[in-house]
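Below: a set of structures, written as structure tokens.
Consider the two complexes below, in which chain A is the common component and chain B and chain C are the respective partners.
Showing the complex of A and B:
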């Protein structure tokens, strides 16, 4: 292994590596949000779920000595947050957007509260698989170090896309998301479907958080999340509520985030923060270009409060 | 807002509990929810083996017990009042704007940039210009959210959130690049403001003028909503936007004006952060006031006058954070947990409106 001077080639390489590393939490949170939104609810509290998942995953991994038990704990904690959101929103007159903001605050508060003792200790990491063995350039090897959770995320993406397209469960979620009345006339209980979809979405967000604390950056502290949970909401809109598009969007957002540091590594340091904001500008631009005051967004679930 | 009026129209002479009760509903339910939230938090503390009595005793002592603690509390209120208005004003039109943080950040930056350019100018010219710049950019930033909503149908919650992140990125970029004071080494900042352009404190108190500005803004906002035809139109549009359009009300203009006014308030908060607290614009401007403002506005049910006591209460909680950490060995996030629980309780209590018979006007009882 030797450091080779790659010149400007280092930039795309670092971006690919960065995209793979940074995108995993985006991918999990956005898949979770996608599932919840397809059922007709929006959960803005996934930022809190993500941070709480990061903390609980790290704490449990440290106490149990196994990173995978930590991931499981994070999923469980996220599911509880999701269930709470789903349960509260079924009460009449309760605003799902506002509850999401409140749960974001509460989730972060609880995570910082219980996470204080775990800022110092070192928990076990999640394993990564090296896909760069064919190259003897160390940068290539570093870039192609792929975490197992990323691979699980790809499998989940495909599975969720298939679920929405061809399975009965997928159809039920879609019907509930598109029209509460139609769902009722089919004998479905929309509240139960949304409760389950929000719970499952929360579990995925929790796993996304566990990736942050257990792999990259790989430790627990209060500044761990840089808004990935909130971004996921925008990302799902960007991805037009399609799981497969969520995957590409997560890679794009991750890559845009990695562009700044990658340019810095070759000596271009100005505009660092602007690259960081690129995904936000892109999403806003896309929203402006495709929204219309007269109709809902294309392929948006009919019952979704933010696009109605 | 609009309670059943037939009783009042037909029998104005009746003045009993049954007439007053419906008016009390918007007061009793939030207070009940606040107490419920505090109770839930007390259970949380008891489960951890801490005493809620000690906790609230310390909050009282550190936040409201002495003249000194009142000053400490009031010195933190200004940004909370102003960012809460940024949520409450658009909310009267039915819009959920959560990106006040962006207007705070850019307002602060604008104030600092104008202040640097005016270095040497007298206070009477410099400070109003800085305030104007801060309010202008805050108003444009959040007003754009309203305009996007009305022109393009872009959801205001999402767009304001995205724009808050863009604003923070702009601040970081400009403060590290074009507007950076070369002397600020560890923490990139704009050049320090001329002492003449720093807002001072109220006479005899440790509280800066932002407090007064915040109170005035709340009162003006209340008069605007409750006592002007504009506010009346806004309340109709907030109740039912289609009905307001059918009535010929200028809904689009109302939305842009109310979001811009809210943004101007948040921008003003940024001005006070720079001119009264930090003395220059830097990363400290991103301090989450925009998010606490959301909580306060919802607690106050978007009533600008109710924002004042709620903001003072929350600021007392935050002022007591340090003492609670030291005395009770609780982490600083305790206050955040408390805020989260109270926020959830308030939102859940929305479902109780109209559920209690005592609060519903008895129209059928006419002879």
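Showing the complex of A and C:
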């Protein structure tokens, strides 16, 4: 190793590195939730989907020897959870928030149950691409180890933004999300659209889980997720249901999460519990700063049960 | 791959179903009748976590090999009323007469509730809360002083570090963790008194992402030997080795996770402690209610030295270990200050590892970069 003493520059560098490393699960789960909520449903169960995705991805990657097959398995498992949520919610008088919480607990319980034999084995990791070749400083090189899933996340963000804005599918999702009546009068079946949107959203959350177990921190155990799935659902509201904003919000959360360890490492060590609360303080601050009695929840889908 | 274990519940169900036939010899656990002693182990997490629980499970595995002993185990038992059910079931169905509920939170109120109902069963708890005037006589507490293990870790770290900076990922600033951090640095300073130790607290016993971030932050600061005190060191060991840093282990042997980078590790030696206790029980003796010990008592052991440990390091390690094995090794030796400049011990005053004053440690010694709050 050839470490250079960076002094206080280590903090912004760690935040950039942390943003890249930690944000991917936030990004995938919030993109999935964004899609689901745009169709007029809330799936609060994505934390459970994330944990189950992490477990199934790790297990399948270990058994098959390929991390990518693991990611695929996580996506499929997530999709099944999504479809189940979508199917239950189309029954009359079912509350999607309550079902979501139930599914969250179910997903975690199932993951712990089936994940038992996979705590010890070491599964293959997902590959990372090094973008730090231009620098001689090993810390910069380490911070710019970018996982392929993060890059796929960026592509997905742009693609989803474009889809909502200009494509027919995007329009269908938005109509269903904004007004069930309008969608019906156009000859659309809102339940089918929501079912598909929830399924796709679940698949993305599953991939987010696979990132946790297959890349960073890169092993399966029962304490793997510390509420990333729940926070990502909140991020969607914070990001005002825009995929591009979801991306920035995920980066912000990842970077703010790296602040605590980075500050301790440069010697600013008192009050670390406070620094660990930074992401939440930041969210509160931004929500207060951007809210106003006239503009609040402006871009919220009309059929969403929290805004109705 | 792992052995597939049959859950207790399904075993009991199967037992009840076949019990109607009353062919005791046909049952898989029929052999238990021949045993002199049945011992029950309960773990709070998975018994293969490369950490705290694995250390206890390795002790159970050693007990299992003893003649005339049957071992029953259950893992992932939360510190709730479910541990009481597990204990009752092991006592009533399996005939366990020696129990090792290994997690800290099992003692109060759970062991305290079950023990008086079974006066002929002995409950041994890993922790440190038993007191003669308050608690049942058939319960006892045992634990180890692992600080000197971290001291020996520090000696190998002191030789391996080139940057003269070593790192420690810690969960919470409680006395036992602070002791480990201080001992790790003091071991390294026995090699080179200019070495500093950077500590990062994650605030929780098990937080995978934060442990990985903390390890990365230490590596970014140039720490080239890293150890930890968290429940499952797997994430720290893998992340540190991935960044090219050397690692010292904790709780159990983590060398399979980083064979090239693993120097040594401070491990619990429950195999020795548990077999000793079982022997005492089988010989008709009574186990002391309050048992403590460190390296010299065989409560703690070191992982085999890794390939990266140099000969000079090996010599100093072995010499220090021999000194420690004599017993009474002074771990905090005056004159020594904490990292805020306050005097911990003036010249001539020292603390051995079993000094009761160390159990309320609230400082980091000079040379540790970090803060307890």
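Please note the rule applied: the second predicted complex is superposed on the first by the 291 of 308 C-alpha atoms of A that agree within 3 Å, B and C clash if a C-alpha of one lies under 4 Å from a C-alpha of the other, contacts with A are read in each partner's own complex, and residues count from 1 in each chain.
Keep in mind that, in the parts below, a residue touches a chain if its C-beta (ideal position, glycine included) is under 8 Å from a C-beta of that chain, and two chains touch if they have at least 3 such contacts.
Fair warning: this is a prediction, and the values are worked out from it, not measured in the lab.
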Query - Partner chain in contact with A:148 - chain B first, chain C second, else both or neither - result: neither
Query raised in the report: Should A:271 be classified as contacting the first partner (chain B), the second (chain C), both, or neither?
Result: both
Requested in this report: Could you look at A:116 and tell me whether it touches chain B, chain C, both or neither (first, second, both, neither)?
Outcome: both
Query raised in the report: In the superposed arrangement, does A:257 touch chain B (first), chain C (second), both or neither?
Result: second
Report task. Please indicate which partner A:244 is in contact with in the superposed arrangement: first for chain B, second for chain C, both, or neither. Result -> neither
**Report entry** Contacts of A:69 with chain B and chain C, given as first, second, both or neither
**Finding:** neither
Report task. Pick one for A:230: touches chain B only (first), chain C only (second), both, or neither. Result -> first
Report task. Considering only the touch criterion stated at the top, classify A:102 as touching first (chain B), second (chain C), both, or neither. Result -> first
Report task. Based on the superposed arrangement, let me know which partner A:286 touches: chain B (first), chain C (second), both, or neither? Result -> neither
Report summary line: Residues on chain A touched by both chain B and chain C 112, 116, 222, 270-273, 276
Query raised in the report: Hey, which residues of chain B end up touching chain A in the complex?
Result: 96, 98, 148, 150-155, 157-159, 161-163, 165-166, 169-170, 172-173, 176-177, 291, 294-295, 298, 330-341, 343-344, 346-348, 350-351, 353
Query raised in the report: Inside the complex, what are the residues of chain C that reach chain A?
Result: 1-2, 4, 45-46, 48-50, 76, 162-163, 198-203, 206-214, 216-222, 224, 231-232, 234-235, 238-239, 243-245, 257, 369-371, 373
Query raised in the report: What residues on chain A touch chain B, complex-wise?
Result: 44, 48, 88, 91-95, 97-99, 101-103, 105-113, 116, 222, 227, 230-231, 233-234, 237, 270-274, 276-277, 280-281, 283-284, 287-288, 291-295, 306-307
Query raised in the report: How about chain A: which of its residues touch chain C in the complex?
Result: 1, 3-6, 10, 13-14, 17-18, 21-22, 112, 116-117, 119-122, 139, 142-143, 212, 216-219, 221-224, 226, 228, 257-258, 260-262, 264-267, 269-273, 276
